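Across the two complexes that follow, subunit A remains constant while its partner is subunit B and subsequently subunit C.
Presenting the complex of A and B:
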């Protein structure tokens, strides 16, 4: 367990806790931004520079900016929302269920060490050129399908933005 | 170099935080961000396994998840804006038109 991992892991978990406990949506979005940046740093540590760059540019850039835009659009007088969130039984039930899920995941995955022995990394592992080759050889169909998915999402978003939906 | 187990535990904690946020909050935007948190924890796990097994397929899959997440956010937030136009609220408990 090294210092670099520990630093960004603690940063990610702390910011994650802040994300789900912040009172308003905007501070919550800032917490999420911190999680994204910490995870990008961890991707660099895992020899995935391309993923780290995309994490910053797509997640911390595009997606989070979109979320913040919508938060700005949907500012509401939130008195009743806060009233409702004081209802403790919902929160307790959700927290217990979530903690149960974490426990199940950790127990289930604790034995996985035997399955995946650490292999030494080949030269150029995670290099953008290598990933590009994979995209255009092994995963060409999936690549094309992802572009169709993005087109469908674009059309759907434009349709929903019309006046009377 | 931290081993695979530390990364698995970190990803589990982040996924659990996302689940807890999704189950406890009422603000639809925060529910959205909780889902993003869960997606990110899965990405972290995929990259960690890809590194351990020296197989770049995991990283390619993460890139596909990025595409799906971008589509999901675009459509989901558009739906949310439409809902807000109709209901004047982002409280998910108010969205009960289909409740019998």
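Presenting the complex of A and C:
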């Protein structure tokens, strides 16, 4: 295995473990940030610079910033997360979702032979134009479905916010 | 020379250059503000007070380094570093000149011409907020936390219009590479205007500029550090060189933002109407293109100072209103119109 992959894979796993074991909220979020950046580095290694940049700018730069915003709003450095961590229903929910993810990974393992085998990259692999073509030709329906889903979430969020005003 | 040596020289050069400009900017800021307020400003250290930044640096370095007792130590130390790092990393993709031929070897004046340079800049500006947030939270003080909170809300709000404005540029030039974008801005358009992004995309430029000021935390958008309400916001608890890194990182950020503005909207290193390459030697052309780029950049650096000492600060709700109710709809309409025009003309 190559060194670059190992370095960032270990970084991602380590930061992931830190994320779920950290006592404080903000360091935990920063652990997640490290996971995102390590994943972006791995995408770069897989010749997908565009995905890497999206990983950083969308996950680290937008979604996680919102999470951090909520943490800053609700939790000061002196408070600890133990109360939330002791909540049984959270734990049960976490266990179910975790088991589901592990199951997905195990199913995915079946196809690992094909993934590990080396092959040459198709022409223009990972270029922005190619990804755009995939989105707007081959996967148009999926793309539009995702956008409608996001719109639904947006409208629902505004509805919920308006109700409380 | 081997390629990696050339790359190393380029990296060292552009970092040193950016640092130098940022240092000089601290002086320009104080002198220009004095000029605008009919004062003298710092004029004791060296000619015209030019050595003032050096004196400030010595002061910051020799001050006692205090970490508040109840602060989170590791994060407290990490904050300023994370703030300054993304600003420096932006230079990796900025084309600061055309090319220079030395000893028969053609060297492009850019550290790395990556084909997604543009998105790289956006991603870095998205990461920059963590420096402020971590510093604010780790200080464990009300002012700092409020400052960090404001920083997150502000940055996330203004990233959207900035992205929308930049998307119009991508539509126009059909590429993410900053060098390509600069090359496509050569020549004239409509017969007499320089072929600059500014003339083709004026609305996009204004949105970009406003969003850039907000991302750089400059007046009128410096709510995260707002002295009148929050002492100095997220860096209230910082002192000595850690504070210096925050203040200095801001200037490095300004240098980067003006470089991006010049590359995207003002033709980068090229002079309008004149093709310098025709009558200059290969070496002098490289230097001239670098100087032209710097002159344009200097104008935008001065504009940052100019605006800071002219415009009063927004109220927080005005800031959010401007972002969400004015800039984002305007950006969307602009994107739509641009897409239509591009579709019709090509």
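Observations
By definition in this document, the second predicted complex is superposed on the first by the 122 of 165 C-alpha atoms of A that agree within 3 Å, B and C clash if a C-alpha of one lies under 4 Å from a C-alpha of the other, contacts with A are read in each partner's own complex, and residues count from 1 in each chain.
Just so it is clear, contacts are C-beta pairs under 8 Å (C-beta built on N, C-alpha and C of every residue); 3 or more make two chains touch, one makes a residue touch a chain.
Remember, predicted model here, so these are calculated numbers, not experimental data.
Of the two partner chains placed by the overlay, only subunit C lies in contact with A:33; subunit B stays clear of it. Judged by the touch definition given at the top, the superposed model places A:128 against subunit C, while subunit B stays out of reach.
In the superposition on chain A, contact of A:72 is made with subunit C only, not with subunit B. When the two structures are aligned on the shared chain, A:60 is found in touch with subunit C, with no touch to subunit B.
Touch criterion met: A:50 reaches subunit B and subunit C at once.
Residues 50, 54, 62, 66, 71, 73, 76 of subunit A contact both subunit B in one complex and subunit C in the other.
Across the interface of their complex, subunit A is touched by residues 1-10, 12-27, 29-30, 32-34, 36-37, 40, 43-44, 47-54, 56-57, 59-60, 62-64, 66-75, 77-82, 84, 88-91, 93 of subunit B. Looking at the complex, you find that subunit C touches subunit A at residues 70-72, 75, 114-116, 119-120, 122-123, 125-127, 129-130, 133-134, 136-138, 140, 145, 148-149, 152-153, 155-156, 159, 176.
Across the complex, subunit C is touched by residues 24, 26-27, 30, 33, 49-50, 53-54, 56-57, 60-62, 65-66, 68-69, 71-73, 76-78, 127-128 of subunit A.
Within the complex formed with subunit B, the subunit A residues making contact are 1-2, 5-6, 9, 12-13, 16-17, 19-20, 22, 25, 28-29, 32, 35-36, 39, 42-43, 45-48, 50-51, 54-55, 58-59, 62-63, 66-67, 70-71, 73-74, 76, 80-81, 84-85, 90-91, 93-95, 97-99, 101-102, 105-106, 109-110, 112-113, 116, 118-122, 125-126, 130-131, 134-135, 138-139, 142, 146, 149-150, 152-154, 156-157, 160-161, 165.
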